[in-house]
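Before anything else, here is the set of structures, which you'll find just below.
Shared between the two complexes below is subunit A, which has subunit B as its partner in the first and subunit C in the second.
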Partner chain A sequence: MIVKKSKLDFYPYFLLAPSLIFILVIVAWPLIETFRLSLTDARLGGESYVGFENYQELLEKKKFHRVITRTFFWMFLSVGLKILLGLAGATLLNAAVPGRALFRVLVMPPWVIPIAIGCIGWLWLYNSHFGLLSGIAQRIGLIDGPFGFLAYKTPAFYSAIVTDVWVGTPMVTIFFLAAMQGVSRDLYEAAWVDGAGRWHRFRRITIPQIMPVIVTMSLLSMIWTFNSFEIIWILTEGGPRGATTTLIVDTYKTAIGNWKFGEGAARAVIIVALLGIFSFFYYSLIKKLNKFEERE
Partner chain B sequence: MDKYSKVQLVLIYSGIAIFLTFILLPFFEMFMTSLRPLDHLFRAPYQFWSDDFSFEAYHKMWETVPLLGRYIWNSIYISSMVTLITMILIIPAAYAFARLDFPLKNVTLSMFLGVNMFTGAVLLIPLYRVLRILGLLNTYWAMIIPGVAFLIPTGIWLLKPYFEKIPRELEEAAFVDGAGRLYMLGRIILPLSTPGLIVVGVAVFIGAYAQQFLFAITFNQTREYQPLPAGLYEFIGYQTVTWNEMMAAALVGVLPVMFVFLFLQKYLVAGLTAGAVKD
Partner chain C sequence: MEEYMKSIKLALIGLLLVAGSSFSIRAADLHFIMCGGEVREADQTVVDAFVANNPGVNVNIEAVPWGTCQDKSLTLAAAGDPPSIAYMGSRTLRQLANNDLIVPAKISSDLMEAYQTGILNTVTVKGTHWGYPRAFSTKALFINCDLAEQAGVACEAPTNWDELYDMAKAINDNTDAAGIGLVGKDFDNTMHQFLVWLYSNGGQVIDLQTGANMLDSQSTRETLALYEKLVGVAQEGPTAFERSQVKDLYNDGQVGMYVEGPWGRGVHNEGMNEIAVPIPAGPSGVSGTLLITDSIAVFKGSGHEDMAHKLATTLTSGESQYALDTPDGGWGLTPIFDYEKLGISDPYYKGDDYWAVFINGIGAGGPEPLVEDFKSMQSVFVNMIQGILLGDDTVDNLVSIAGEEFDELL
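Up next is the complex of A and B:
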């Protein structure tokens, strides 16, 4: 080691201190405060300690059970679509055809612009009377009159999914594409010499080789999608009649919309707990994968 | 290796066409909407083509929302400040994680990564109180500071591999020459990792640019400080929504950033994914 080893070296902590203090004040302390608030009935007027009453109430509420089920359905469906579309997109953009450099750039705009601005575009696309989608559907005779995609429960949910997939797909695609380009050409050539077809090479070489990236992106994507707020808020504000209310939207509505800080905080703590379980799986999966790689 | 047959080529291009249609459809619709006069927007049944397309909305939008230019600037200013502060904070931290050994290293690193699990939305209530105590509500800082906090972990994660790539011998040589440790970081490590710093800087900027809406609507009531996504809501009037001008403003508003991104995208994509693929 080049650096003298004194018994107590403060240098690393000195380097870490600025970001650590920042995180402690802006993330860790609010997190503890959220937990404390969740044990109170805090509103605008004041607060008093109520123990685990907020949690008890939530666990007994049928409506809240539906919110949790909906959130997981939202997450799995949206992330599943993002991964599938990302894989398809990356495979297409990885094909050695003229124009691919341009196509790769054209995939990126939804990722680069503010999420809220993309959502405004979708809001207008979904408009019943004047939106393109309703217009096309009428023109080709799918529907008789104008159709409000965000006006009914089921269509609103799936419309929000489509927009969420639209926001999340470009980044997934780019990461998959980069991983595919990192796969050694020798592997493909050897397989080709052995007479393996394209599909076979995709399944037996591409997929296993980029698996670590698929795993990383899936889990990151799950966390982001679980907490996806702006998209739902701008499109539907959680409606119609709660059809698009996921946990994060429910938390916001309770805490900021209705000024029930205590009850909102309890929901926030539940989010953190559920995501904590996820990150646990995240780390153990990555570890397993790394071990698997080392063995090979 | 085998070449694509004609059929395969057709399939590939059709696949790309469908994929890009999905990705670009909202932009196309926003652009078409911005070209239509307002009364023609509200015309049923839906018309794909009008004969009276015009760029009028691109002139009128500055009158309808007089602060529009300010909002576009605010968005860029807030993201730039977030990027600057985040970089100043994460450079030493990423260096420590990449190069130094110290007790609790792994614990600290996973603590940072754990922050990735939250978004600002989870912590809005106490964050509001923290910002109020610090006297920062309704200022630019109310949007900058939370932005920085949630980008620090990603930033460290992205920057660390670049520092790891620099040969240790360079540091050793400088150390033998009697260079101080801070001097070494500033004069040897940083210049050598400029490409990485640019990549991470742009990535942090995009992160800050994409997600300022929530903090803006929750922590800032001052119109003059509002970023573009929040400012666009001023096109929603009491009587009508001037959708055409709103779309024009949205497109013009993201243009400066898109322009810069176009120049940097090649380095950005190569650099961003290098870290992720490695892990």
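Up next is the complex of A and C:
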């Protein structure tokens, strides 16, 4: 039987078409349009082509350099804490302790509660005059009057980090826990027979075995934290004096707050480029880890 | 076949007529964006009467919460789908006008004469009125008399900044409350409250005649220096507070005084022992206030601007406007008109000392500056104010920087 090959060749494309169209409309077109907009001085009343002027201005601005530095500091500190706390939490939840199921449920609320609701709760906690944290600190004698956690530059920055870690840690914990549960018991038993202590078993067995999940979660968490907007916006709107303004907040303020769509688009393109670099590292590492696993 | 074609043609003509008639009905579908999250009964009554008097006209009122209201109208206009009319802060008018998104207001000469002094300045750019003034407010200093007396000072109006500081310090030192509530959050009322003090010190932001930048001045330095001094007797961390949050502190007895609009009496605890007094005068000026208005703007490109003007005029004049200004069922605002000139013989503010405080300052008041990029203007002010509240820099440097940054916006 002779099959007419040319007719069959279109079939895969026909099947792919809906997804391709969807990606073109939802992803590709907005990206292209954002890039085009970044080459204009688009404002409320119209736009004209300005070439790479927006990028040039951004790169010359010291304020923008500070925003970039702050964004990376925010991201590395927050992700570092999430990973450490996630590992500690998952280890505890994986231990054979009574009421383990209950603890596993209790770790979920920060992740389950809508971020906006959680942040409004934190906003109250941080309030100088009506807030729980300031009240407790006064009662136990740590401070002698109310303290506004969001009123000063450094405390506001670290307070926003605490909230971001609170929101992001449960998911990391759950993923690490799932990975830990997949580690073969035989490995632990063999190590135990050989006299390995708890710390050695954790360092030599658990960590290497769940390393692909640690890498994946670190990189994904970096992307999410880099783009974390609502937490900062609800708590401080980027203030005071820009102390909590990260790149995504700066982009929003410029494009939506000030209706400078062209300048905002240039910032958005920079975000895409930086996240593209993270994604590249992510895929490279995943590839390497997969190869490593295949060899093992 | 011919018969068949004939009936198809008739059916098509019939369809065209039906479509045409429905089009003519929809031709005057006015879209009115109202801020506040709910449609006030008084507005609905005016709109219903307007619809009844203008057959074929339909008005769709969309009530949007304060926080997103202005942005919604601007976004719709930028996207080419403008509302017919919208309630906007008057500070946005210059940006809207410069970007060709709104059309000039058509205010009758009778109404122009009836407006309080300075009101029209808040909607005027280069001689053209760009909005119908809708809501007007001035500010006063509210003092909690219980706290003042507890601190051992008489509950009387401080007339200058030294007396103000002394009173705030007495409350701060002798009670559990802070002397004064200051606002310093990234918020528009941080700028507004600073302007209240600046205008009470003979300061200016823009010269109304020449349009020149007047921010970098001795008056501004003195005003910022007042903030520097007051921060020591204010509530903890003013940069985390905007006006409504300071109001909560005031109601809770945690600050002795703060600056608020005429609605203050209505939002404070019932039976509170308090006085509302004029803003104390600075060393270089006389007691003044900030004249701030919101307006109804008529957007360009809705296709029925004339009808939109008519609706805006109806809403912002006569009884409809009075119903909004009065505290009985309205918002309790500083009267936008001298209502006696409009034939209302016994307006709500007449012979009332409380309202006199808000009305008497109008003459020495200054407008909210009209610049195209008003959000950037707000950032310039907030940055300067937060700079002094956080002790980041000196008064001199902060005012100089603000002056330079403001130059770029003019």
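Everything below uses one rule, namely that the second predicted complex is superposed on the first by the 276 of 296 C-alpha atoms of A that agree within 3 Å, B and C clash if a C-alpha of one lies under 4 Å from a C-alpha of the other, contacts with A are read in each partner's own complex, and residues count from 1 in each chain.
The rule we apply is simple: a contact is a pair of C-beta atoms (placed from the backbone, for glycine too) under 8 Å apart; a residue touches a chain by one contact, two chains touch by 3 or more.
Note that this is a predicted model, so its numbers are computed, not measured.
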Superposed partners subunit B and subunit C on subunit A - clash or fit: fit
More subunit A residues in contact - subunit B or subunit C: B
Partner chain(s) touched by A:Gly118 [first = subunit B, second = subunit C, both, neither]: first
Touched partner set for A:Gly45, first subunit B, second subunit C, both or neither: second
Which superposed partner A:Gly148 touches (first subunit B, second subunit C, both, neither): second
First, second, both or neither for A:Tyr158, with subunit B first and subunit C second: neither
Touched partner set for A:Asn258, first subunit B, second subunit C, both or neither: second
First (subunit B), second (subunit C), both or neither touched by A:His129: both
Subunit C, subunit A and subunit B - angle at the middle CA centre, rounded to the nearest 10 degrees: 80
Touched partner set for A:Phe73, first subunit B, second subunit C, both or neither: neither
Touched partner set for A:Tyr188, first subunit B, second subunit C, both or neither: first
Nearest Cα pair across subunit B and subunit C, whole Å: 5
Shared subunit A contacts, counted only where both subunit B and subunit C touch the same residue: 129-130, 146, 256
Parts of subunit A lying in touch with subunit B, wherever the complex brings them together: 2-3, 9, 11-16, 18-20, 22-23, 25-27, 29-31, 33-34, 37, 85, 88-89, 92-93, 95-97, 103-118, 120-122, 124-125, 129-132, 134-136, 138-139, 146, 166, 169-170, 174-175, 178-179, 182, 188-189, 192, 198, 212-213, 216-217, 220, 223-224, 227, 229-230, 234, 248, 251-252, 255-256, 261, 264-265, 268, 271-272, 275-276, 278-279, 283, 286
Subunit C-facing residues of subunit A, complex: 43-46, 127-130, 145-148, 150-153, 236-241, 256-259
Subunit B residues touching subunit A - in the complex, by the definition given at the top: 1-2, 4, 9, 12-13, 15-16, 19-20, 22-27, 29-30, 32-33, 41-48, 75, 88-90, 92-93, 95-96, 100-102, 105, 108, 110-112, 114-119, 121-127, 129-130, 145-146, 148-150, 152-153, 156, 168, 171-172, 175, 181, 206, 209-214, 218, 227-230, 232, 243, 246-247, 250, 253-254, 257-258, 261-262, 265, 269-270, 272-274, 276-277, 279
Subunit A partner contacts - residues on subunit C that touch it in the complex: 71, 74, 77-78, 95-96, 98-101, 184-186, 235-241, 248-249, 252, 254, 373, 375-376, 382-383, 386-387, 390, 392
